[in-house]
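Both of the next two complexes hold chain A, though its partner changes from chain B to chain C.
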Partner chain A sequence: MSERLTCDVVVVGAGMVGAACALYAARAGLDVALVDRGPVAGGTTGAGEGNLLVSDKEPGPELQLALFSLGLWAELAKELGPAVEYEAKGGVVVAAAPEGLTALGDFAAGQRAAGVTTVEVAADRLHDVEPYLAPGLAGGVLYPQDCQVMPALAAAHLVRASGARLLSGRTVTEVLRTPRGTVLGVRTDRGVIHAPAVVNAAGTWGGELAATAGVRLPVLPRRGFVLVTEPLPRRVRHKVYAADYVADVASDSAALHTSPVVEGTAAGPVLIGASRERVGFDRSFSLPAVRALAAGATRLFPFLERVRAMRSYLGFRPYLPDHLPAIGADPRVPGLFHACGHEGAGIGLAPGTGHLIARLLSGGVPELDLAPFRPERFEREAR
Partner chain B sequence: MRTDLAVIGAGPAGLAAALAAAARGVRVTLVDAGPEAGGQFYRQPAAGLGARRPGALHHQWRTWKRLREGLDRHIAAGRIVHLADHHVWCVERRSGHAPGDFAVHALLGPEQNEPAVVRATAVLLATGGYERVLPFPGWTLPGVVTAGGAQAMLKGGLVVPGQRVVVAGTGPLLLPVATGLAAAGTTVAALVESADPRLLARQARGLAAEPGKAVEAAGYGVRLLRHRVRVLVRHTVVEAHGTGRLTGVTVASLDADGRVRAGTGRRIPCDSLAVGHGMLPHTELAETLGCRVDGGRVHVDEEQRTDVPGVWAAGEATGVGGAGLALAEGHLAGRSIAARLTGARPDEHGGKRAAASRAALRRFADALDHAYPPRAHWAEQVTDETVVCRCEEVRAGAVREAVRDLGAGDPRTVKLLTRAGMGWCQGRMCGPAVAGVAGCPETVTRRPFARPVPLGVLAREPGEGQV
Partner chain C sequence: MNSLRLARSRPGPAFTVTFDGREIEALPGWTVAAALWAAGITSWRTTRHEGRPRGILCGIGVCFDCLVTVNDRPNQRACLVPARPGDVIRTQEGTGHAD
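Moving on to the complex of A and B:
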């Protein structure tokens, strides 16, 4: 089957970021086609926990994007209603030892200066905030702005709300260009789609898509496992994690890192992350990785010892070498825009990313400085 | 504990393999969830029930006695260790260790809180099968049981599910269930089979591969007549009725395409409905080990080897075919393991009879598969209000909405958008139902934990004392 389609913009990738790009582009008056080789939320979006976090971000461009996105998420949640399971639950970061608490306090002070709301929680008050936490922790910081959504539902409802044409089960094989290098559209396994603009929201596979347009974008997969428990009455109120999580996120090591991240969900199960390892697209189950997750979680919340893990799933975070996403127009290929490489923060950063991309597509001025996210920033290192 | 061979499952396949391997000098540990060996097929009444003639409920009682005596002999001689009440949640190929280093992780039943680990050089997966469950309006009412469940109640507890039972669905299991219930004194109001008997006739050649089975089937027929059981072929249960408890079912006739013929519905009062739609292989342990699984069956070669070195599979896990086939496959697997563990090739001549029996029984099983296809268009009877996933209480309407409005086109996305299959059973029960209602083909679901495991157990790497 082959057909010809024409539209204003083709968004490649029907994950959370692609859904947000489609939504805001459509709202800017553009005719949008959203293409994915699989279904909605079939990649990293469907394998994540749905974190909308400021707590794990150091002051800088990513934190500014996160704050901008959080505002948009609150609007979207109002619009989409309870279906997306948006919860403004807040995050709690705990430190086991006094040295860790000092470092955490300094980190939080920096965030506060950048506009994040932080509340220090002394050791003797931790159990007022999280009654089932392990005894003997040194203290923590409460981040009331941290939120959660159910990512697959959020992406699906955003796509529906966008009114964009969803072309799922269709693989983009090439970004089409004129002889002078300007974007013409995309070739798919089921025909050509003509458009003057293409948005690369292919997540972990964004590097492959960029390559079909003749440009380099070094997106690498960083595997993560999530453990899911049996459904429980609400015992974990916030998203709770240990202070060393931030160091793991920022690490460049390929080896397995795990730091406990524990949170309850609206549906009842407790989700336990977060492991990080660079093993390519290896989908095999790793008992050592989930053992480490279970060990970390039971250290934070001893009651979890007797709670059963029902399942575990894995996903591949789209990771760029400097841990910042690629957002913006690609000067190497006029008409090509990138919105990928958000690592583990894509759900949270999606609305901001989509909003900024829509601004660019409709010729407006983006609300944030996009210089740190320039997609061509890795050119020099390659030479 | 360390062993040469860990056999997972003590049904016909696992027992046959354990005996064949032990007889050839292999140290075997038989790991099984049941309190007694035998699996579902040779399920025994609990000793306390004082059954006088348990054999009355079993055909092939002599085969079972032979297996049981062989097992006892090998246990007494120290060649087989039988670990009952061990519920395996994961078989791990220990990377970084020598090849042929497996860890079988189990929970001790029935509480399943305490761990046990068996380290083995080779593993045989004889994990059996489970019943395919397809929903219809009213199927969640108390009084509706699976056909296999009814049989297990009979065999294991010597109890019957009700006073007046309808047996329905499709497949060869319905016959022994109906006759077993009738013999136990229950009134079997009807046996409702959706398959067309002409399909059975068309498979005559494949079925002739096992003349003994035809005699067995004829025996069931005679017993059904004796108990005056009404047999309705090309019929289906379209709805189960009752408020709080089953009071009756509506059955209707099917046309050549498997669609319900309008106006043919009639009500049959009953207090119990045993419904079955065939069996599916248990493949989770194989999938987590990375074994190739084709069309829902663990792929094996002539020696019952999977494509993962050191892992064999036999019985229903490699394709549903009944106890006879499982015995033949298990025996061949045991011979292969004994040879391969010493670096030899299995003696082909010695396994000739089992191989011939396996070939004939596989032809027979394929013929049955064709004769008893799951009914086409069954999903059309499932109303939007019908619950399809019991654990998460997801109704058919929500599944259809996810497909129609939210862009789900495969079982995984349906699950993500509706929670169908996210609950306690992890889609084992509702997987085929959800895929059918969604109108998409079933895909392999990865379930790294074959059963739920306490985080405290998962968190602790087993110490050397335990392994």
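Moving on to the complex of A and C:
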């Protein structure tokens, strides 16, 4: 192979986060190699819905990262918008009962104080916003900042725009270190790539990659199904979900949780989520999960009862115990950076993550405080 | 050579379905796609955005390219749906749903 196997930074993982790291690192002037054992968007990126959400995030570091990231997405959309099916369509969270609406209102007030735009929608105005919603809902909140992209296209276009060398179908087997522990590059199943910096953007498999560098990062898979309907004219205008979704996202339970999340797509099919369960990397179909998704969606949008589901797919969200990603330099292994563990929010959080990582790689000061995302924060609990 | 003879197949008697109002013949066990192909029809859907012609691509239910309207129900995979006597098959335009 005549390829030059030396570069400034190796990004491991060609999902959305890896693509964003490659893009911003390249734009910071670094020579980047992007390595993945499969194709671009072959893992969790290709198995999601492409949500760029602020609506489901409580005030705190993840929301700050989401807001930062949304601004970057808006810039990327100017370059790539139609190609990645970017839609600034907004989200609508609905409450079925008055108690739920009160809780939703309080949650939205906190988000508003943290910089999120929220618009309360009274029960009698819900159908102006979403004409096909079920009757009798207590009310809702509109989040105009929520957006959507087609995630596999988005990752692919970011990789292309980065100009990084893409080495797909190549498995990283080890992060190489000097005797003193500093990063030297990576070993792959097809040779060594030398670089002084390695970015772990391996998503749900980020814990395995970290282990090859001798460090612990407890990323666990949290399985989710998406049900896909036949293509329809645009009947669902926003991303629409029930208020209990936020509680499910924040839950630590291993048992099956489902809460209805419904959205149309530029291509026509309606996507129905969201289920969460911790069952390892089990790829088998689950009728109880998919049945619960269908039931929840038809409660929100009764017309879906007469619409055919064409297929379903599943993916594994990279979940860290405190529901925050690992972003930043790993003090245990100089030269190793982590950008993984974004759970179900990785598409939305990717540009912000990539931008912060690029700042660190080029010796600058990141725009956000990375302390809450410190990759070594789980050390204590392990002992 | 006739493929039925090649496989020594002895299907039951042929029946009739319609495609956009025109009668075509089908044999028991054929899918809608097989009946359309046997009648020389290779396209029965137009794409949602650009109105391009579509028919069979994968032929095994994976790609959803061959969607068609059968008995007023749109978005059925022609390669999987069995043809039945009297089926009314129509070209599907866009999503197949009026709006």
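Here, the second predicted complex is superposed on the first by the 378 of 383 C-alpha atoms of A that agree within 3 Å, B and C clash if a C-alpha of one lies under 4 Å from a C-alpha of the other, contacts with A are read in each partner's own complex, and residues count from 1 in each chain.
Just so it is clear, a residue touches a chain if its C-beta (ideal position, glycine included) is under 8 Å from a C-beta of that chain, and two chains touch if they have at least 3 such contacts.
What you are looking at is a predicted structure, and each value in this text was computed from that prediction instead of being measured.
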{"item": "Side-by-side fit of chain B and chain C on chain A, or clash", "value": "clash"}
{"item": "Contacts of A:A267 with chain B and chain C, given as first, second, both or neither", "value": "both"}
{"item": "Chain A residues touched by each partner, larger count belonging to chain B or chain C", "value": "B"}
{"item": "Which of chain B and chain C A:V32 touches, first, second, both or neither", "value": "neither"}
{"item": "Which of chain B and chain C A:L304 touches, first, second, both or neither", "value": "first"}
{"item": "Contacts of A:A294 with chain B and chain C, given as first, second, both or neither", "value": "first"}
{"item": "Partner chain in contact with A:P233 - chain B first, chain C second, else both or neither", "value": "second"}
{"item": "Which superposed partner A:V11 touches (first chain B, second chain C, both, neither)", "value": "neither"}
{"item": "Overlapping segment of chain B (options 153-161, 261-269, 279-287 or 297-305) - the one that collides with chain C in the superposed model", "value": "153-161"}
{"item": "Residues of chain A that lie at the interface with chain B and also at the interface with chain C", "value": "230-231, 267, 308, 310-311"}
{"item": "Chain C to chain A touching residues, read off their complex", "value": "48, 64, 67, 73-75, 94-99"}
{"item": "Touch list for chain A against partner chain B, complex", "value": "14, 38-42, 46, 152-153, 156-157, 159-160, 166, 168-169, 227-231, 267, 269, 272, 284-285, 287, 290-291, 294-295, 297-298, 304-313"}
{"item": "Touching residues (chain side chain B, partner chain A) in the complex", "value": "90, 92, 113, 288, 290, 402, 405-410, 412-413, 416-417, 419, 422-424, 426, 446-449, 452-456, 458-461"}
{"item": "In the complex with chain C, residue positions of chain A that touch it", "value": "230-235, 267-268, 308, 310-311"}
